[in-house]
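Handing you this structure, nothing more for now.
The letters A, B, C and D name the chains in turn, as written, and every chain counts its residues from 1.
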Amino acid sequence: MHNRVAIVGIGQTTHSGRRPYVNDGELIYDAVTRALADANLSLKDIESVMLGNMDLFEGHHLNDAMLSLYSGAMGKPGFKMNTGGTVGTMLAIQGWYHIASGMFDTCLVIGWEKHDEGPVTPAITTITDPSVDRPFMVGAIGGLATVSIDYMNRTGCKLEHAAMARANASLNAARNPNAHLRDKYSMQDVLNARMVLYPLNLLMCCPTSLGACAMVFASESKARKITKKPVWIKDHVTVHVEYGGAQFGVGEKRWTSHMQAGSTIFKRNHITNPRKETQVFEMYDPFAFAIPSWMEDFGICDTGEGWKLVEKGAIALEGEYPINPSGGVMCTNAIGDSGMLRVAEAALQIRGDAGEHQVTREVKQALASGFGGSYWTDLLLLSKTTD
Amino acid sequence: MANEAVKKEPIFTEGYVIMPYKYSVGTLASKFFIQIRDSKKINGVKCPKCNMVIVPPRSVCIKCFSKIEDLVELSGKGTLVTYTVVHYDSAVQAMKPPYAVGVIKLDGADTAITHFIGEVDFKELKAGMKLEAVFNETRNANILDIKYFKPVKK
Amino acid sequence: MKPKAQEELIYLDMTLKMPFKWRTGEPMGEFFRELKANGKIYANQCPKCGRNFCPPVNVCTRDHSRCSAKDKWVAVGPKGTVLTFFISEQSFLIPTTGEMLKVPFSVGIMLLDGAPVALQHNLEETDPEKIKPGMRVEAVLKPKGERKGNIFDIIHFKTIKE
Amino acid sequence: MPDRVGIVAAAMTKFEAAKPWQHLAELVLEVTDKVVEAAGISLQNDVESVVSCSQDHWDGRTISSMPIPDVTCAHLKDESKVAGDGAYAVLYGAMHVLSGDHKLVLVVSHCAESHTDGTIIENWSIDHVFTRMLGLDYTMAAAMQARRYMDKYGVTPEQFAKVVVKNKGNAKKNPYAQESATLSVNDVLKSKMLADPITVMDKKPVSDGACAMILATEEIAKKLTDKPVWIKGAGNCYDPHFLGDRELADCDALESASKKAYKMAGIKNPVKEIDLVELSEYYSYQELLWTEGLGLCKRGEGGKLIDSGKTQLKGEIPINPSGGLLSGIPVTVAGMSRVAEAVWQLQGRAGERQVPGAKLAVAHGCGGICGQMHCVLVLEKGGK
């Protein structure tokens, strides 16, 4: 049986599209000092440090070593993970492994990205095989547009429903001082935005932001000494699927990785009614159809029910099942940091420390997901208590 | 399949990974580069907590992790800690080989800076030798505004 | 933390340029050899689950069954049906060449005749009004002497009427 | 170690200056097939998680692990990628097992150095604000470290050359090695100078290849093999990045990592207790410096240690009986291949380079400029 792992400190920078007055290291240092302050710890108390992002977004090879001064890793153990869009959630899971394995009592994990410095779309294009499909890829949006069309055809969801989800995210982000895009939009505002690739318009795609998020994890004995409000990582799962390339869309168009991740977590934790037994979901939602369609894939609701819940306002801050009270990836997307923000924001909701974007229902258990790579999924279940 | 394929010519996809970046150096390093560009002066930082003097100047203390915001002026003279003479070519080099690179500890600093060593007979390179900075005529606010460090004439 | 407005901030422009000679490997290499020499597009099939792969693969990506033996290969295309497509009006840097993308850039995912397998490539047609999923297309290949054994031996897929 | 993690089997490709016929994923497929066969398991049914190790810059691909699930049968399974040295992937795989999350883990690493220009990648791992524009790479940095090491402790280029002679000689007994040779100290000293004092022979050659291993819980490892190898201790640590922030002639990070690993493994006298060491010497001088960091001799005495002959294949504490990195191992794979070699030694499968009666081995991986980060694993022979 593994050692229990708690989140005992959370720090995030504010997020924006440009922040020229700090360099990469200073951005990370900002998040790290906030997380340490939140945990009321000093760097001396931290046994290991992990830094993660996607290398080619800023161009630095081995940047965990290069930025070791700013992350606090100097003279400490740690290593870098890089799994694409899931890197933020993977870092949280990496932190979990460090402590659950019994090898460490405390660790600091940092996810970051500074998208204003590098070429985002060309870097994303290089996820493909150079010999076959790289010449034909333009960023990540093509595949997402395809599945959006399929979702609409399959379930009766309309463009309006994606716009509703996006509008809801904007209202939430307006209450989150750390979010990047904080303008409020109505459903009509979203529908009026410039079309990028049908059915996704500019507001239905995630932005490119910069920012960093740091978290301190601790073993049970340490956690109880550090904080009165530890948030426990009750379970986590990672599910990969084959590299799709052109094949995606030929076979199934649903996210098998989300489906398997959801069913695994719910089964292992005896959750039969996820909308009741978990109270909030911080979902990695890189496009506006993500929330309605992925609620179904994760098993939060039945097939065809996702957009109806959006229509009913269930996902709102004060709704039946709030999703992304932080505003989500639609409003803030610094890729290496996006996944970790999901975990951090879910933990803040459990602590009741989310401030203006705290959901109205009491949160005992929360979900946080990561998405990336060739349609890969990380899913974490956080809990207020250890039982 | 394996043996059969070995007989045939391997097939390659030739190309590049080309990515342009525009890095912010941050407020503190901006001041450092502007000082070099405008006044030919090399600055370090002094940690307000542990008094460590750090060059090149970073906004975090390498010893106590405190935040550092202010620059202190250094003389531009220092001692050679270690060095090498480069004899090979590579795609990233800023100089034509042979040339010398060294780690130089500026007077008054606790850490050292890496840069070229010029106007020197390679045979005379020695740890502990006194060096001073030479600046380029045209300066663009980056580390290459320092042309190299040269031996101080006795 | 924010500096005063008049304070100058320094940026450093650097371009990463790494040359690569990526290996295509056994089945993919053979795919390109066939394309170059005989103008044929090949796919292979998993003997266990029956799924097809284009370009061919060594092992099934789901059940790990071997499927690289050449006798299991099947020629697909050159005709096919557009499953889905996108047209980029916005130009981006092409990371493999450093050039800017020529727009409009039209890409289709084509279901090729002969086996249920898809290939992603350029469409000749760039007018979104004239492309519909389900549309029939055919691969246009470079003349034999100009083919080099890479994906650009196929110039694009042109619209055909049947 | 809180519990015992077993290494059931390890596999490597033959390392070559170039492997032009294999796609990167095919390198992984080759070692995956080999290791699964050696462990006698089913990839599809038994392996619960895959930890891969590769780097985006080296592969020229963002998310370099993209094709890995395809060839490791990780569809709908857990796969994660360590972006550093392969030894860290073994450590991460061990954490998977120790946490109770997975009982059987496949760990793989791959790299084809020959398909790109490594100096560019090295340059892009160096601080971008103050240093990268100087065009620095690892060889220049290593030369400065070697020079400092010589100046501070009186170690000589002849002693560095002895490492090359030993390792290239050992490699003759290793069928997986890329380069082997019978050399004299003079051959090394007279070879082409790259950056004083490092000659072309003092530097690891460009290499392609892959490595894999199967990690399992104690219970399963014992069931699968009568020759399990236990991971007894592990430690890792970062040094400062800037060369001027460090004392280059000492390796504090490695000292810290090895002390931690030895403590975990209950090792009090490393030289006496350890039977062999496989370490990551990207440059010849590093073997001497790392032996100090690993506590096999006092600071500054690495040169004396090679002079003593103790680190020869038949010596008291053989170092790199495989031929080490100098015989040609790609980065990323480097640390994992050290673990794999040590596993083979402890399983008695090292052929002509076998160290007789080896019971306890140390494997070391490192990465970054002048060995900025280190990972040390202590391995113990299990079974009879």
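Please note the rule applied: a residue touches a chain if its C-beta (ideal position, glycine included) is under 8 Å from a C-beta of that chain, and two chains touch if they have at least 3 such contacts.
What you see is a predicted model, and the numbers here were worked out from it, not measured in a lab.
Novice: Which chain's mean C-alpha position is the greatest distance from chain B's?
Specialist: C
Novice: If you tally the C-beta contacts, which comes out ahead, B-D or A-C?
Specialist: By number of C-beta pairs in contact, B-D is the larger.
Novice: Calculate how many whole Å lie between the centre of chain B and the centre of chain D, each centre taken as the average of the chain's C-alpha atoms.
Specialist: 29
Novice: Centre to centre, by mean C-alpha position, how many angstrom separate chain A and chain D?
Specialist: 34
Novice: Which integer distance in Å separates the CA centroid of chain B from that of chain C?
Specialist: So the centroids are 43 Å from each other.
Novice: If a residue has to touch 2 or more other chains to count, which residues of chain A qualify?
Specialist: Residues 20-24, 56, 59, 69, 74, 119, 122-123, 126, 130-131, 242-243.
Novice: Where does chain C touch two or more other chains at once, residue-wise?
Specialist: 1, 3, 9, 11-12, 14, 16-24, 26, 28-29, 32, 61-62, 93, 95-96, 150-151 - these are the residues of chain C that touch more than one other chain.
Novice: For chain B, jot down the residues that touch at least 2 other chains.
Specialist: 5, 10, 12-13, 15, 17-27, 29, 62, 91, 142
Novice: In their shared complex, at which residues does chain C touch chain B?
Specialist: On the chain C side, the touching residues are 1, 3, 7-24, 26-30, 32-33, 68-70, 93, 95-98, 149-151.
Novice: So in the complex, the part of chain A that touches chain C is made up of which residues?
Specialist: 20-22, 56, 59, 119, 121-123, 125-126, 130-139, 141-142, 145-146, 149, 197, 242-243, 245-247, 249-251
Novice: Mind pulling up the chain D residues that touch chain B in the complex?
Specialist: Residues in contact with chain B: 20-21, 57, 60, 117, 119-120, 123, 128-131, 133-137, 139-140, 143-145, 147-148, 151, 192-198, 240, 242-245, 248.
Novice: In their shared complex, at which residues does chain D touch chain C?
Specialist: Where chain D meets chain C, its residues are 19-26, 29, 43-44, 57, 60, 69-71, 73, 75, 112, 115-117, 120-121, 124, 128-129, 132-133.
Novice: What residues of chain B sit close enough to touch chain C in their complex?
Specialist: 1-2, 5, 8, 10-25, 27, 29-30, 33-34, 91, 141-142
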